[in-house]
Structures are given as C-alpha cells and as structure tokens.
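Every chain is named by a letter (A, B, C and D) in the order it is written, and numbering of its residues begins at 1.
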Amino acid sequence: MSHAVMSIPQLDAFLARDFPQVFTADSLYTIVSLGYRECVMRCRFDERHLRPGGTISGPTMMTLADVGLYVAILASVGPVAMAVTTNLNINFLRKPAPRDLIAETKLMRLGRRLAVGEVAIYSEGDAEMVAHVTGTYAIPQERSDG
Amino acid sequence: MSHAVMSIPQLDAFLARDFPQVFTADSLYTIVSLGYRECVMRCRFDERHLRPGGTISGPTMMTLADVGLYVAILASVGPVAMAVTTNLNINFLRKPAPRDLIAETKLMRLGRRLAVGEVAIYSEGDAEMVAHVTGTYAIPQERSDG
Amino acid sequence: MSHAVMSIPQLDAFLARDFPQVFTADSLYTIVSLGYRECVMRCRFDERHLRPGGTISGPTMMTLADVGLYVAILASVGPVAMAVTTNLNINFLRKPAPRDLIAETKLMRLGRRLAVGEVAIYSEGDAEMVAHVTGTYAIPQERSDG
Amino acid sequence: MSHAVMSIPQLDAFLARDFPQVFTADSLYTIVSLGYRECVMRCRFDERHLRPGGTISGPTMMTLADVGLYVAILASVGPVAMAVTTNLNINFLRKPAPRDLIAETKLMRLGRRLAVGEVAIYSEGDAEMVAHVTGTYAIPQERSDG
C-alpha cells in the first residue's frame, strides 16, 4: 500500500467526533489498514445484524461499504467532513457466514470533485466475495485542514 | 391503489417476528399504506440518524428503501420470509430536512423469481425527492403459507 | 411540461453536429417532445437492434436512455457539448415487443455540476415498462453559449 | 486462468450466428482470451465511436461490457443463447484515449440462475481504468447443449 495521509488513530478520532452515532466506543466498524486510495475495514459480527436464517442484513453491508469509501477518501485527502455519497450500487452475491465481515475498498478515481471506488466484502476467512459495491462521493471544494 | 394481499397489522406482525432487530416496538420504520405492487413507508426522524451538518445518514435511507421493497413484495405475494435483495442502487439527490422521511415504493416488475422496484424518498412536506432507489429481490420458489 | 430553453429543431441541429455518428439523417433516435427537465424520445424499430429471439438489444436501450438524459439536460440548460455521463444503471424488466421504443426522461436533480435523471422505456402502446434507467451527468463549469 | 468450456473459435462461431448485428466479419469486438468465469475482450478503435472531443462514446463501452459478461458466461457454462442481462451499472472514470479498449471481465458469482460479474475497461497500454461495470445475467433453466 502507498502512504495514507492520516493514521488509523487520527481517523478513529475524526470519525468518533464526526459520526458519534456510528463510531461509538463499542462500534461494530473498525479500520484494519489504510493506504493511499484504499483501506480495509472490519465489521464485527453481532446479533443486531441478523436477518431470518441467521444471515447478516443488507443494510449492515451497505453501511460498511459506505464507511469504507469514506475512510479511503479521508486517508487519501485528509479530513473532509462534508464529503457526501451521491451514488451507491450493491450486488449481494451470497449469504454471509455468521462471522466478522472484511471490506476491502479501492478508489478507482480520486478527482478534485468526485471520488469513485469499489468495495469487496468477504466473510472473514472465505475466498468468495459476499457482496460487491461501487460508490461515488462528491468532495466539497474548500477542504477543512482539520 | 389495487388490493394488497396482507393488511398493515398482518405485515407488522410478520416483520416484528421476522426482523426483530429492525421492527421493534419503537421502530423508526412504519407502514403508511399498502397496495398491490406498492407501499408507502415512513421513517421517523431521530437523532441516531444524523450525519455532520444535521442531515439524515445515507444508510438510514438505504435501509428504508430496502424495507420498502420488501414490504411491497410481501403486500403483493404474501409472506415470503426468505426473499433476499440481490441488487440495490441509490442516488442521493439533496440533503434531507431534519424531518420524517416518506418512501413511496412501486414494483416495476413482479415475476415469479425476481421483483424489481423503485423507491422515491422525500422529506415529509417537500415536493423534491431527496433520494431515488432501484432494487431487485430474488423470490424463493417454494412460498411459505405463513 | 414547463418550457424547454431549446426547441426540437435547435436540438436536432446541435446533435447532428455534435454526434454525427448517432444523429445521422436516418437516425434511429428522434425527439418527440421537450420540457424543462424532461423529454420524450423515440427509437425506431430496426433489424440491426435485434437479439436472438427477435428482441431489441440491451445496448440499444442503454444508448436510448443515455441520449434521453443528454437531451433533457440540453433542453433545460442550453447547449453544453461537453456534459459527460458519470454513472448509468439499467434494469431490464421484460422483453420489448418488435416495435418502436418510447423513452420518457425526467431529471430528478439539475444541479450546477451534476444532473441526475431517470428514464422509463416502453414498447410503443404497452403500459408495462420494458426497462428503467437512472443516470448521472457531470456538467462542465463554463458553458458554451452555443 | 482455469479452463473455459468453449474455445475462442467456438465462441466466435456462436456469436456470429447469434448476434449477426454485433459480430459481423469486421466486428469491432474480439475475444482476446477466455477462462473459467473470465475473459478479456478488445474493442477496436473506430471513428464511429467518437463523441465530441474525440473520445469514445459511453454506449460503446456499455456494449463492450455487456458482451464481455455474456462471453464469460458462455465460456463457463457453454452455449446459452437466451441468457439475458437483467441489470448493468457503469461508472465512467476518465476520458478514454483514442486507442483500442481492453475489457477484463470476471464473474463474481455464477449461480444456477443468476451470474454477476464485473468488467474493468482500460485504454490499451494505460494502467488507470477508464470505466467500471457490474452486471447481472439471468440464465435460462434448460440449457441447450449447442
């Protein structure tokens, strides 16, 4: 991985302040690694995510992907509190196992105004993807220096 | 609206049993009306949904749309616990107001195996859409008579 | 329909100059009507579009939708030769009849930089949609005055 | 690459018979390589594809991706004339160079009824992707043994 412009502790602190409703002390979502235009996130397995049949809910995976894209952008351009998702497309490929999810995000384009990335979501330890996401964020023109 | 094959109380009971993690007693999501191949859902405004700037989070809207599609399918074909989302595409159009969201779902296709629908999401009382979703559900072949 | 800022003959002339490979004298695609943030296009039935089983090809419908979105933008903001598609999502709903296609485009958002619209495609004379498209165009910042 | 169940000449013959309007003797689209659940296609640069500014049109790239997904399915399950696209999502990332396009397709899921894949499109010789596509095909239940 190339270098990220923020460290994991810096990003954790930013997210905890910026998304207190998602990144609480006992958040399900944690950053595993960061690079330039990429990151790996983990979503801890938790009963609250279950759907009938014991599977993890779609919205849990959509949230994980949305956060992964946001983290990969922050890791690459620094703190931009107001970057907003404009489009997200998800294909659910197979039923996830009752285990943690791992989301590998790569930005395919990081422009001045738009960032477009893809997220591959796996059940930890499985080689076959459980869901695939592409998403676009609009980046505000004046960046805070956080 | 044409007739739904389930009433709102029947659907509420089904969802409470089937999605206890989403449809709790104090659920944010409620069914406003049902018809054949369509429904209207409300998502109650709640601090937990906020993003920086006081706006409602993307995952809240994705969840609302996913639930709307599921409810419109159940309303049309009866209780099918194992229908699963295969694809969901969302365009975020404008920042929602700090008010309840209203989601109008219509199924554009209700086949034997696949249902495809669209969801228009509004801030209550505003004419301009805040988000637009299209999604596909795979319907299992043997239906429970639940 | 509210008023378009270009007439059909003006748009035809612009497209013929700008997209000679699509809008030839015997083009398959014609503008039926224009309004502010909306248009209706027709795609003439032609053997070249056929897929096995006598149906119209997917790429024909994707092209029709892409052109419809572009025309609706031009009709609303005037000639912007360099507006480019950034995202297009299509759901194919049913096999089109061997007849002309009608595409109804509405822009759900027309911002300064991004326009997002949806396109409903029908076989002429059928009430059920054959395909549904959402798409995003990026609008360049300095607009030609054509 | 793992083994494909059809060779390139077999696939060429099948496509020429099945899609005479796309795979003519002077077709723009050719198969570069095949494997199980994957293929590489080339789209020859041609004036007919140009958009204003000398760039390759969006519909050309959508057609290339749609064909790539179809070829990857045929290469994996054998001749299935009636497989049809149900969803296609494309993100246009950067302006392609006036050169041939190379499309790398991988199926992320090859189920009995649905195949889901992604296509990375490059200008030949460039490392940065020009467009990214995900798509779903429905596979008919009775397969011809062609």
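The rule is short, and it goes like this: contacts are C-beta pairs under 8 Å (C-beta built on N, C-alpha and C of every residue); 3 or more make two chains touch, one makes a residue touch a chain.
Keep in mind it's a predicted model, so treat the numbers as computed, not measured.
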Relative to chain B, chain with the most remote C-alpha centre: D
Interface numbering overlap (same over half, different under half) for chain B and chain C: same
Length of the line joining the C-alpha centres of chain A and chain C, rounded to whole Å: 34
Mean-CA-position distance for chain C and chain B (Å): 29
Rounded Å distance, chain C centre to chain D centre (Cα mean): 23
Per-residue multi-chain contacts in chain A, two or more chains: 86-87, 89, 91, 116, 136
Touch list for chain A against partner chain C, complex: 86-87, 89, 113-114, 116, 136, 138
Touching residues on chain D, where the partner in the complex is chain A: 89, 91, 93-94, 108-109, 116, 118, 129, 132, 134, 136
Chain A - residues contacting chain B, complex: 18-19, 21-22, 47-53, 57-59, 62-63, 66, 81-82, 84-92, 95
